[in-house]
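Chain nomenclature is as follows: A, B, C, D, E and F, assigned in order of appearance, with residue numbering initiated at 1 for each chain independently.
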Amino acid sequence: MRQNHVLRAWRNGGQTIGGWLSINSSFSAEIMAHAGFDWLCVDMQHGLADFADCVTMLQAISTTDTVPFVRVPWNEPSIIMRVLDAGAYGVIVPLVSNREEAERAVAAVRYPPVGQRSSGPARAAMYGGPNYQAWANDEIALIVMIETAEALEKLDEILAVPGIDAAYIGPSDLAYALGLPPTGDNNDPKHVETVNRILEACKRHGVAPGAHTNSVEFTTRFLKQGFQLVMLGQDTNFMRRLASTELQAARASAGVAPLKPGA
Amino acid sequence: MRQNHVLRAWRNGGQTIGGWLSINSSFSAEIMAHAGFDWLCVDMQHGLADFADCVTMLQAISTTDTVPFVRVPWNEPSIIMRVLDAGAYGVIVPLVSNREEAERAVAAVRYPPVGQRSSGPARAAMYGGPNYQAWANDEIALIVMIETAEALEKLDEILAVPGIDAAYIGPSDLAYALGLPPTGDNNDPKHVETVNRILEACKRHGVAPGAHTNSVEFTTRFLKQGFQLVMLGQDTNFMRRLASTELQAARASAGVAPLKPGA
Amino acid sequence: MRQNHVLRAWRNGGQTIGGWLSINSSFSAEIMAHAGFDWLCVDMQHGLADFADCVTMLQAISTTDTVPFVRVPWNEPSIIMRVLDAGAYGVIVPLVSNREEAERAVAAVRYPPVGQRSSGPARAAMYGGPNYQAWANDEIALIVMIETAEALEKLDEILAVPGIDAAYIGPSDLAYALGLPPTGDNNDPKHVETVNRILEACKRHGVAPGAHTNSVEFTTRFLKQGFQLVMLGQDTNFMRRLASTELQAARASAGVAPLKPGA
Amino acid sequence: MRQNHVLRAWRNGGQTIGGWLSINSSFSAEIMAHAGFDWLCVDMQHGLADFADCVTMLQAISTTDTVPFVRVPWNEPSIIMRVLDAGAYGVIVPLVSNREEAERAVAAVRYPPVGQRSSGPARAAMYGGPNYQAWANDEIALIVMIETAEALEKLDEILAVPGIDAAYIGPSDLAYALGLPPTGDNNDPKHVETVNRILEACKRHGVAPGAHTNSVEFTTRFLKQGFQLVMLGQDTNFMRRLASTELQAARASAGVAPLKPGA
Amino acid sequence: MRQNHVLRAWRNGGQTIGGWLSINSSFSAEIMAHAGFDWLCVDMQHGLADFADCVTMLQAISTTDTVPFVRVPWNEPSIIMRVLDAGAYGVIVPLVSNREEAERAVAAVRYPPVGQRSSGPARAAMYGGPNYQAWANDEIALIVMIETAEALEKLDEILAVPGIDAAYIGPSDLAYALGLPPTGDNNDPKHVETVNRILEACKRHGVAPGAHTNSVEFTTRFLKQGFQLVMLGQDTNFMRRLASTELQAARASAGVAPLKPGA
Amino acid sequence: MRQNHVLRAWRNGGQTIGGWLSINSSFSAEIMAHAGFDWLCVDMQHGLADFADCVTMLQAISTTDTVPFVRVPWNEPSIIMRVLDAGAYGVIVPLVSNREEAERAVAAVRYPPVGQRSSGPARAAMYGGPNYQAWANDEIALIVMIETAEALEKLDEILAVPGIDAAYIGPSDLAYALGLPPTGDNNDPKHVETVNRILEACKRHGVAPGAHTNSVEFTTRFLKQGFQLVMLGQDTNFMRRLASTELQAARASAGVAPLKPGA
């Protein structure tokens, strides 16, 4: 049996740092898997990976000890079950707003009698090991996203649903929920206070608190606050940011301006 | 007609900075195409892109004004002609070692009567515009790589071959050719001197000098020396480097160590 | 910011002609994008493109000024948001039958506070330009399809929903709704009268009227009637039709019959 | 055993009309396969199909009685053997210029003792039927392209090589060979005369004469002249041509001009 | 018109044996299609095939007379209609638990006036033949899966829904429904009795009874009991099982133990 | 550094059993990788995998300790270097017939100064570990195929080439070379004697002897003879064989004949 050491760390109060995969390539996924993150998440909501890409990306991550998560595009049992069968060891479900939606996610992630996950772990049983269905309910992480106005009102009923391992803050959608511009790393007092409120609720319910960031600064801040799963950055963002920075630096130091087509 | 403004810049003594695509994804290619490079090169020699990936990556680059190049896996007319038909506006040919090989590359890149490129620019004629075949010989860049021991001996005969627009130094293979460890950005005096020698030969022959680097430092140095096409960095390298740096920074400042599976 | 000039034309009373993409290939998409249509629609309902294909097809269209639309397979927020994040500048939603369904489509297409589109325009922000989320609600076209019996009864309540830019008639499904055989270009008086009724309702509500055709004849007729988005033909249909016509012509004029296998 | 009824027709003096596949999609290939051509050719030289696409396109053609050919990108045994193993029932080899090159093509296409095709018809044995290797040498068509200046000089030595079933004229490259602009359907007297000369040589050597066209006119002309394999048109060309024609017709009759972005 | 001879056999009381496709490859699908099964099912629920794979796999099966089915991931009209448009001649819908869900499946599979399938059989009309929409309701098989506790209670109301051709037992999920471990081929008396009960209900309602197995033993048993569609085995299972058996046999008879990395 | 424990076993006189991958799917590759073979070979010569498939298949194998080999389509440096950069730990080169060809293979596989492999192990450096280029020449296996008439004459000059780790018999092509029908497992005395002769030559030159089989019987025989790398069977063969056998068994025991379409 392959243990989900990230989930076990959360249960023991441990903290973990993750990365995010928006590029639809098993090669870039493997590169990220070698960077030292505790977990990586294939983003099927806003990222470009389709299910076929997701499968090869999960395989690529599985060449390392990094734990593979998938953010599904929607709280639908069909896609949740598919990525689990493909070997995801954790599912991040976006936009969970109330108890019914949380229970719907649990039902999709857990085998009976806890939930209603259908039997057929095509790749998962290879990745996870013998008797997968017997222990999967204990090793697969279910992470619900808290990012809507309704969820803020119903935090306790969501977090009280048995079978939820972690709650994960999507800061941009949360900003929308608060009537703020959709900024990621967000210092607006209303946003900060809400983040803190979610953190407290997680602690109250024994659910691992998590948050999405785009910077060392916010990752560090959230870890120091006690968040247990903090997302440091995305493949696209690392690539784009360093490419731009260094290109500008090179242009500046060498005095070579960009070409102007047609000029 | 779409002008190759990179090639025209070289002809006017201008300098350009490029980027490198090793990830087999049209999405990451498009991200890099928005970073501000003058040209981007899809690497089919050491990168992961197959021909099918190359086509969508060329399309992705074509959504911007960045000029698309392809490094072919080998000096073979078949693949050179295919990437040109797919819309590459420049071809980087590895491991060109003598006049015959240089002429072989020219023959593949140029339409008759200059060369023997076969007629059928399936996508190139859309990207390039009307009458593609009439002006393609003037707008498509042919860049030969100088990186073997034999090429160092036969620099002049290579660079004298009509139809070659630029020479591009592959520093790791060049290091092998010099009996040095295969380091990219290379300060070994033998390497530095050889780079300088190639630069001088290019100037002598009216061929644009180019070099592959992995850093702002070497890009700046080469630009200041007068290189006209300098490659600043690869998609994979930008992504990997910033992910590692920031992950270490976050771990350090938050005091969160990597999980140890099985521990 | 990249303006949606098709949507702006509708707002100014202008008329546009579009094409349809059923083939799952970014190359054929690019060919169609060079044919001069004002907009092209990747059909994920009845066409063969999966999400991964859709992404590269949107990139291919983005190499031109043609505006890219996607017909989603169903009125589901998940896939609507995904194609918008991938850079669609308009979404055609099939089988919208009442106000609730129309509002559901609006909620998926518009960012808060208008709707509930989730934040994360991975490719859209590159295609659209800076501050995408700030202006996307004004530039993205939402087109609902009117093609069910229920929709005919509830035309006014559908078209009155704020955030809908256009209504689009699917003639075959509309024929089914009227108890007629599922013909596309349809001269049945009942069908003609219904089309006219939808056109009038659109005018009444300030919603751009649109229709799907398969011929110059119907496209011309609808444009003359005042339709603002008329679909002239599909990739598959153009290809199949001319191939058959010319093959028959060649066989006839040369007197060469098809081979009969086994004969 | 599946007979190659196209090849058998040639042997009996019969004439055949083919189509051309440049789009990398098994769906468009299947559409073309239903159009009634005697044979279809997947173009891996100037078309967009990679080997992986070629396999699914061959499968798509195999759902009909149309005989599947592949034009390989180059006269290389590796790719010739691969497409044969994938089920091509004919190979069109470009740019064959002399006896050695013709023999090289034969060696790649024919099993020992005639040639040196390596044993392993992975898909071909399913498509072709039992004992494939025993009869493949008799059923697989080898078509060499005559399109270079050297080939015109050495026509007889090429066509005399045993194992060549047909010769196929590539008119654009042939035009280059004659010092003419690379036009496809070509009425230049020099071109016409050369085509006739090739036709006569084919008859002399008992090799089926073939030609590539882009029109009913040239297809008819060549068939009337006695060509046995004539290519009427490509997927891309049918699609592009009818889309443009009908779009212009619709714009003209409805008086709806193209939008001008930015205007 | 292409008749669905499997469906017609059921109507005449005939029995059929099928196979299962979990591997996402049109090549392995074609191999299985040559093995002699009456029907093959592309599994999009627990198998690895995405929609794009499904299309090429349906094409591969269509090179033979084997009838192509698809198990959809969920009882959603969107995906049901898509696989039908792609040419599936039967749809297996998982987890149907009551009349409403059965009717929902019928609505997606049948054209009006029976159901609400949307008009647009892109590939199906090629595979099926002329006038597809006129006869599709009679030739397309709808198979609902009986595998939940609720379905066992509501067997009669499900099977009484007009438009359902067959019921198919998913033994592992059925075991969950019965509070048993999720074993496939299952001899638990409770399971056996339930299987029998479903068989009787099918006979009562004139619905073809079907079951999923993993062995010759259970296939034989079910066929002898009168099941009309019995699934013998999956691509993955055949491959894995024989590879393991023969590898162990070879290791044993040759005395060659597996290497131990790091030992 | 990841050791090549298969290669090390050979050097210590150990014996290994491998499997063969003809299906172009990373999922089936992963299944085979869990079957317990010491090594698996992705077959790019007669199998269906293209380079893009090969990459994901290598990743899939890399999730286990099974050592990944690739049979390249031809003895060409371009593709040999590409699969090595993609992480192959061994290359099987077909049709090596003399010293020059053997040296050509060595040159492509080994870094300078031994050979001329170009620097850029994009994925290999991740899979292999730090300082890949420093030790790759010692850990990558080069296996040449002995299967042509010329190779039989020049066995000693081939096997004497430094840098060759193993020789691998392709029995069908070898049969052709001997003027026999192209059978795999071959009991013809001429074939048996030739196999023995190759085995002896390998021992004489300290090169690991290897052979391709299709059965436990031949695998066992060859292992008992002292072959050090024996290929037991292919993915396609395991799947096809067991599917056929069990289908026939089920049909026989249940008395259910195949449907006859059109009957």
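Simple rule for what comes next: contacts are C-beta pairs under 8 Å (C-beta built on N, C-alpha and C of every residue); 3 or more make two chains touch, one makes a residue touch a chain.
All of these numbers come straight from a predicted model, not from anything done at the bench.
A.B. asks: What is the set of chains touching both subunit B and subunit E?
C.D. replies: In this structure, the chains that contact subunit E and also subunit B are A, C, D, F.
A.B. asks: Give me the set of chains touching subunit D intersected with the set touching subunit F.
C.D. replies: Of all the chains present, those in contact with both subunit D and subunit F are B, E.
A.B. asks: More than half overlap in residue numbers between the two sides of the subunit B-subunit C interface, or less? Answer same or different.
C.D. replies: Answer same: the two copies use largely identical residue numbers here.
A.B. asks: With chain centres taken as the means of their Cα atoms, state the distance from subunit C to subunit E in Å.
C.D. replies: Here subunit C and subunit E have centroids separated by 34 Å.
A.B. asks: Counting only Cα atoms for the centres, state how far subunit C is from subunit F in Å.
C.D. replies: Each chain's C-alpha centroid was found; their separation is 51 Å.
A.B. asks: When the centre of a chain is set as the mean of its C-alpha atoms, what distance in Å lies between subunit C and subunit D?
C.D. replies: Centre separation, subunit C to subunit D: 36 Å.
A.B. asks: Between subunit D and subunit E, what's the gap in Å when you average each chain's C-alpha atoms?
C.D. replies: 40
A.B. asks: By residue number and range, which residues of subunit B touch two or more other chains?
C.D. replies: In subunit B, residues 22, 24, 27, 31, 34, 48, 50, 52, 55, 76, 122-123, 236 touch at least two other chains, as defined above.
A.B. asks: If every chain is a node and each touching pair gets an edge, what shape is that graph: line, ring, star, complete or other?
C.D. replies: Other.
A.B. asks: Can you list every touching chain pair?
C.D. replies: Final set of chain pairs in contact is A-B, A-C, A-E, A-F, B-C, B-D, B-F, C-D, C-E, D-E, D-F, E-F.
A.B. asks: Mind listing the subunit B positions that touch subunit D in their complex?
C.D. replies: 50-52, 55, 76-79, 81-82, 85-86, 111-113, 116, 118-123, 133-134
A.B. asks: Considering the complex alone, what residue numbers of subunit F touch subunit E?
C.D. replies: 3, 5-6, 9, 14-17, 19, 22-25, 27-28, 31-32, 34-38, 48, 65, 215-216, 219-220, 223-224, 230, 232-233, 235-236, 238-244, 246-251, 253-256, 258-262
A.B. asks: In their shared complex, at which residues does subunit F touch subunit D?
C.D. replies: The contact residues of subunit F facing subunit D are 22, 24, 45-48, 50, 52-53, 73-74, 76, 94-95, 147, 170, 172-173, 175-177, 179, 181-182, 236.
A.B. asks: Provide the residue numbers of subunit F that touch subunit A in the complex, in ascending order.
C.D. replies: Per the touch definition, subunit F meets subunit A at residues 26-27, 30-31, 34, 55-56, 59-60, 62-63, 122-123, 126-127.
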